[in-house]
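For reference, the structures are reproduced in the following blocks.
Two complexes follow with chain A in common, the first pairing it with chain B and the second with chain C.
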Partner chain A sequence: MSFLIYGLKRLVATAPILLLVLVINFVLLRLAPGSPLDREAELPHALKVKLEAQYGLDQPLPVQFWIFLKNAAQGEFGQSYTYKNRSVREIIAEAFPVSARIGLLAMGLAVVLGCLVGALCARRPGGPLDQFLRVAMLTGKSVPPMVLAPLFVAIFAITLDLLPVAGWHGGATKALIGPICCLALYDVAAIGRLMRGSFLEVQGQKYITALRAKGVGEKRLQVRHILREASLPLVSYLGPALSSILIGTVIVEQVFNIPGLGRYLVNAAVNRDYTLTMGITTLAAVLLLVLNVFSDLVLAWIDPRIRLT
Partner chain B sequence: MPISSRDLWFSLRLLSLVMLILPPPLRAQHASPKALHQAALSVFRLGNTREIDSIDPPFVDGGDANLVSRTLNEGLLVLDPATLRPQPGLAESWTVSSDGRRYAFTLRENLRWSDGSPLTIQDFIDAFKRNMHPETGAYYAAYMDVIEGAEAFRASGTAADWSKVAIRQLSLRELEIRLKEPAPYFLELLAQAIFLPQTVRTQKKAPGQGLPLSSGPFRLRSWALKDKMILEKNPYYHSATSVYLDEVQVFPIEDPKTAWNMYRAGELDWIRSLPASLIPKLRKMPDFHSSPILNTIYLRVNTKDLHLKDPRVRRAISMAIDRELLAEKVLREGQKAAYTFVAPGIEGYSAEPIISLDIPAARRLLDEAGYADRKKLPELAMIYPSNPMSERIGLALSAMLVRNLGVRMAPRNLERGVFYDRLNDLRYQIARSDWTLEYSDPRSSLEKFTSANVMNNLTGFADPTYDQLIATSSVEWDQEKRWKGFRRAEEILVGEQAALIPLFTNVSINLWKPYVKGMYDNPRLYYSIRHVRLERSTQASGAEKHRRSVQQEAKL
Partner chain C sequence: MLKRRLFFSAPSPDSTSWQDLSSPSFSMRIFHALKSRPSNSIAAIYLLVLAALCFSSGLFVPYAWDEIHFVSEATGPSWQHWFGIDDLGRDLFSRVLYGGRISLSVGLMSTSVSVLIGISYGAIAGYFGGTIDRWMMRLVDVLYCLPYYFVIVLVMVLFSIDSLYLLFVVLALFQWLGMARIIRGQVLSLKEQEFVLALRGMGASHARIVFRHMVPNTLGIASVYATLMVPGVMMQEAFLSFIGIPFTVLGTDGVHKPVASWGSLLSEGARYFDTAPWLLIFPAFFFSTTLLAIHFLGDGLRDALDPSLKV
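Our next item is the complex of A and B:
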């Protein structure tokens, strides 16, 4: 029960932050030069006035923001300026599950592999395996997706012909492998490095020595005590990392031609599609805040010494 | 070590979470009857360059959208993809009066929408009314101004004005359209999306209202934004038996490298863009198709700018540009140097150069304009919307101007929205622009720069002689006189006044597989998927397999 109350309290406390983020997004978008109605041939004045009225762009900015807030509270962001006859809600409902599925699978893979690599490194710090994995992790963290993704396509899709080059294919496993691997690599390396340090720190704790002395089995010691304690920094890392990966990344989505939210966000911002940009950024902000609160709750659940106040 | 119930519970929860997000297992490798059926079908896979904003006729914009719109819908007329001459579409025949102002169309018998419901003349009239109505905000509604009474109705939208628009139903299958002035290109215009028939059911208003109907060779089966659009053969199309393909899949691919990778892996049959760096290499492939198109890349010059208001300065800049060097050495994609604004290719219209490279004369002009001391002319700025080709153009031009004229010009890359904003407010000096002829008549290009056309002009250029020439030539029915008038106007615009500086005409870049037959490359990018057929051996074997499996199933 205390978890629930604490969680609710924290969520309520994030409301002002969310509001601030939305205000900043809204103002920045309106300050950017150009408007969603700009085309090479300027629209006739009467039509522009009519369209501005239709989208509420003729209202003062605070009024526009208030209308946006009222609608956003009900999950409505209006019609997209770019994609005629499609509502922002409809677009998000189509694209978010795509990004989220790839993001979750990539993060799941990264957590499993990252923990494994971290644990392997921590077994014999400074040993040959540790040295090798550390170099590999540094490389993995330094290769950006814009290099990795085309390389992946060239090797696995074109040379070896094992996977499709691109496309969503209704979410078939084969179509997911490439984007997941390319997205996961960075986080595998990041989590591996994080876990290595964390394992090393926990292994050196006196209570671990005490538990060993008491005759606790090595397997139980590793899983119940060391992994549990060592995963605390991982949980803090996962909150923000998950929220950004769930929204999708434009490069991987473009190379693999995946209909995820990342591509929409970039196109919408460039085209000054106010409604679509606000819709996606609002979702991103909410996800970030909720996942942060959630990761705090998980921290407290793992380590009872963390007080919920 | 005994496993505690807590561990078990945790593992179960973890497992269920993983199961939830994991995709369905890989299908068994044997081909299902459905897959065999698919193989027997003639499926054409096309890589478009971007996602389409809309297929609703008044909002169809750009090459990708027009291609899909044309595949789904048909108007009174279509253009022959090989010759670009008007051919019967939903109208089987038409007559034109001797003064070129009255057009009468006879529709084919028994026309149907893609759900089988009758397609009538009223659907055309309703569509024209909707597209002209100011509330609709159709992108290319100005094309309809050539129809008598259309301009007034476009401004007011009142019923009284609609009654004066000269579009009449003569009989069950006959439609009459009267023009306010003779327009030799009117038949070509009718092939544009803005003249397509519509019903309320062709407009998707809200989610869940079903897919829009179509009037052409294919109909929409599904459309997942940024993923794939599937068009299937329309059984109610008047010439359905002459459509070879069963299905067209359209993939919006923004990254040309991805398109190329998908193409070479055999996942696409036709792609419409390529990474610029690969073009010289791929040119030798039999799949490579490129031809000059009626698209001119040019520089708009702000004639109100303090330093550029003198036509001599603008002419000097135009004459100092080595267009051959730009096209052949810098761009190297097959572009042709342009010395006129109207792209060459209009039958009978002169393509003789209006302006050409003449460095000594350019220097003299600049001296005469009071810039003998070049330091008096501050660095000019050339703006362009972000894209790699424009960047190369900008850098090459600034090098040419410094070398040939001693004038400094800095290319500035702007985001699309910012670029148009600057253009519309005349807050620029020189801007990279492009224009595609929409019908085979110089009017399509030259009308943009009359002083009354504030929405398109965007250079501040205003010349009464030019306006007069455009006005008189536009209503001239005699082609020789018409072309002469337009040519004189173009000489003022590009030569004497140099309000714009043509650079080069573009080329189309396509790759289609050798087994794709019936595709025609043409200068208007008017591709017709209706005529495409696939002649590959695997297609036949797929069909054969399907037939065998169907026979086996029948035996069982």
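Our next item is the complex of A and C:
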């Protein structure tokens, strides 16, 4: 129960921050030169006035922001300027699940593999396996996705002909493998390094020795005691990392030609699509703030010594 | 607020932190750190040689990086063009070296700017403590909540920031937060030491204590995190190039012209990978090995200068 109350309190406390982020985005967008109604040929004056009235651009800025807030609270962001006859809500509802699916699966893979690699390294620090995996992890952090993805396509799709070259194919498993692997590599390396240090720190603590002396089985010790304590930094890492999947998938989406949300953001910003840009950035901000609160809750759940205040 | 465990938590005041081991000088310790492991010296030498080649490339490459040879298509490596030429007939060898100059500058300059901001901010917050500290750190917490990739993209796209020098600043503005937190933690423990009292007794001003005594004492840890920051900045540059933000410099003729950076070479290479793989392979090799070397160096420095994190 205290969790629920605490979570709600924290969410309420983040509301001003969210508001601030939205104001910053809104102001940035309006300060930028150009308008969504700019075309190569100047629009006739009457038409422009009519369009401005239709989109509410003739209102003073604070009023526009207030209208935006009222609509956003109901999950409504208005019509997109660039994609005709489509509302921002539709676009997000269509593209976000795609990005989220790839991002979540990649992160899941990265957590499993990263913990595994970290645990293997921590078994015998300085040993040959540890040395090898450390270099491998550093390499993994050094290869950018725009290198990895074309290489992956060339090897697994073109040479070996195992996977489709690109495309979404309605989310078929085969089409997902490539993007997920290319996306996960960096996080596997990052999480592996994090977990290695964390495992080593926890292993050396006295309560682990005490538990061993008490006769706790090795398996139980590893999972119930070491993994639990060692996963705290991972939870802190995952909050922000998960919220960045929206933008982190851009490169992979482009190489594998996947209809995710990433490409919309850049297009929308370039075309000054006010509504779509605000829709996507609002989603990102909400995601980040909620995940931060959530990861704090998980931390407190794992480690009761962390007090909820 | 909830006590958040950072995975790079600053050493607690009571632990033997690195600044107590003050016997050899700071630069000597860095030197020993590099010598102690062969991988570190190899990484350092590789980076130095590569940087020297990139920054002096104008002197010895046979073709200018933007010189166009009229060809019908991109061709692979040959004796004349070591790394091949791209679809516009530009020599890839010169472009890779020139691009390295740009990418290394972005990495180094953005990191320097953010280190400058982070150190001053963190040191001031930590030294004065109390209300000042609380508000300054609250601002950092708020900025941490910005979806910062989005904001970078927004700023870059909306204001058509294509100047390389502005890129340094924009990337730096989003990098200093972690550094400020680390330095603040350091200064919090440093200011409790007796030499600060002695300095106050001798009439040293706050500004003098902060910038002449606190800041130099945090440089060890700052250098570790600065090193680890460079690869991230270079990745961001590559990312921004990939999503289509072209960076330009002011040419001698007064015209802004797009530059080749490793990021832009990588994204061009990725586009033509099926027909001209060398366009990706050469830049990717240099980009990744450089990042790898910097990662190695950062790890080595951390082991040497920050025993609190040694495992």
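Keep this in mind: the second predicted complex is superposed on the first by the 306 of 309 C-alpha atoms of A that agree within 3 Å, B and C clash if a C-alpha of one lies under 4 Å from a C-alpha of the other, contacts with A are read in each partner's own complex, and residues count from 1 in each chain.
To be clear about the criterion, contacts are C-beta pairs under 8 Å (C-beta built on N, C-alpha and C of every residue); 3 or more make two chains touch, one makes a residue touch a chain.
Predicted model, so just to flag it, every value in this text is computed and none were measured.
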item: Partner chain in contact with A:S244 - chain B first, chain C second, else both or neither; value: second
item: Contacts of A:G7 with chain B and chain C, given as first, second, both or neither; value: neither
item: First (chain B), second (chain C), both or neither touched by A:I158; value: both
item: Partner chain(s) touched by A:P150 [first = chain B, second = chain C, both, neither]; value: both
item: First, second, both or neither for A:K84, with chain B first and chain C second; value: first
item: Partner chain(s) touched by A:V270 [first = chain B, second = chain C, both, neither]; value: both
item: Partner chain in contact with A:A300 - chain B first, chain C second, else both or neither; value: second
item: Partner chain in contact with A:L194 - chain B first, chain C second, else both or neither; value: second
item: Residues of chain A at both interfaces, chain B in one complex, chain C in the other; value: 32-33, 150, 153-154, 158, 254-255, 270, 272
item: Chain A-touching residues of chain C, taken from the complex the two chains share; value: 1-7, 142, 145-147, 149-151, 153-155, 157-160, 231, 235, 238-239, 242-244, 266-267, 269-270, 273-274, 277, 280, 284, 287-289, 291-292, 295-296, 299, 309, 311
item: Chain B contact footprint on chain A (complex, rising order); value: 32-35, 38-44, 46-47, 50-51, 82-87, 90-91, 94-95, 101, 104-105, 108, 150, 153-154, 157-158, 161, 164-168, 171-174, 176, 217, 219-220, 254-259, 263-264, 270-272
item: Chain B residues within the chain A interface of the complex; value: 1, 18, 21-26, 51, 53-54, 56, 59, 134-135, 137, 139, 155, 203-207, 224-228, 251, 253-255, 257-258, 261-262, 264-265, 267, 415-424, 433, 454-456, 458
item: Chain C-touching residues of chain A, taken from the complex the two chains share; value: 14, 17, 20-21, 24-25, 28-29, 31-33, 125, 138-139, 141-144, 146-147, 149-151, 153-154, 158, 194, 196-198, 200-201, 232-233, 236-237, 243-244, 246-248, 250-251, 254-255, 265-266, 269-270, 272, 277, 280-281, 284-285, 287-289, 292, 296, 299-300, 306-309
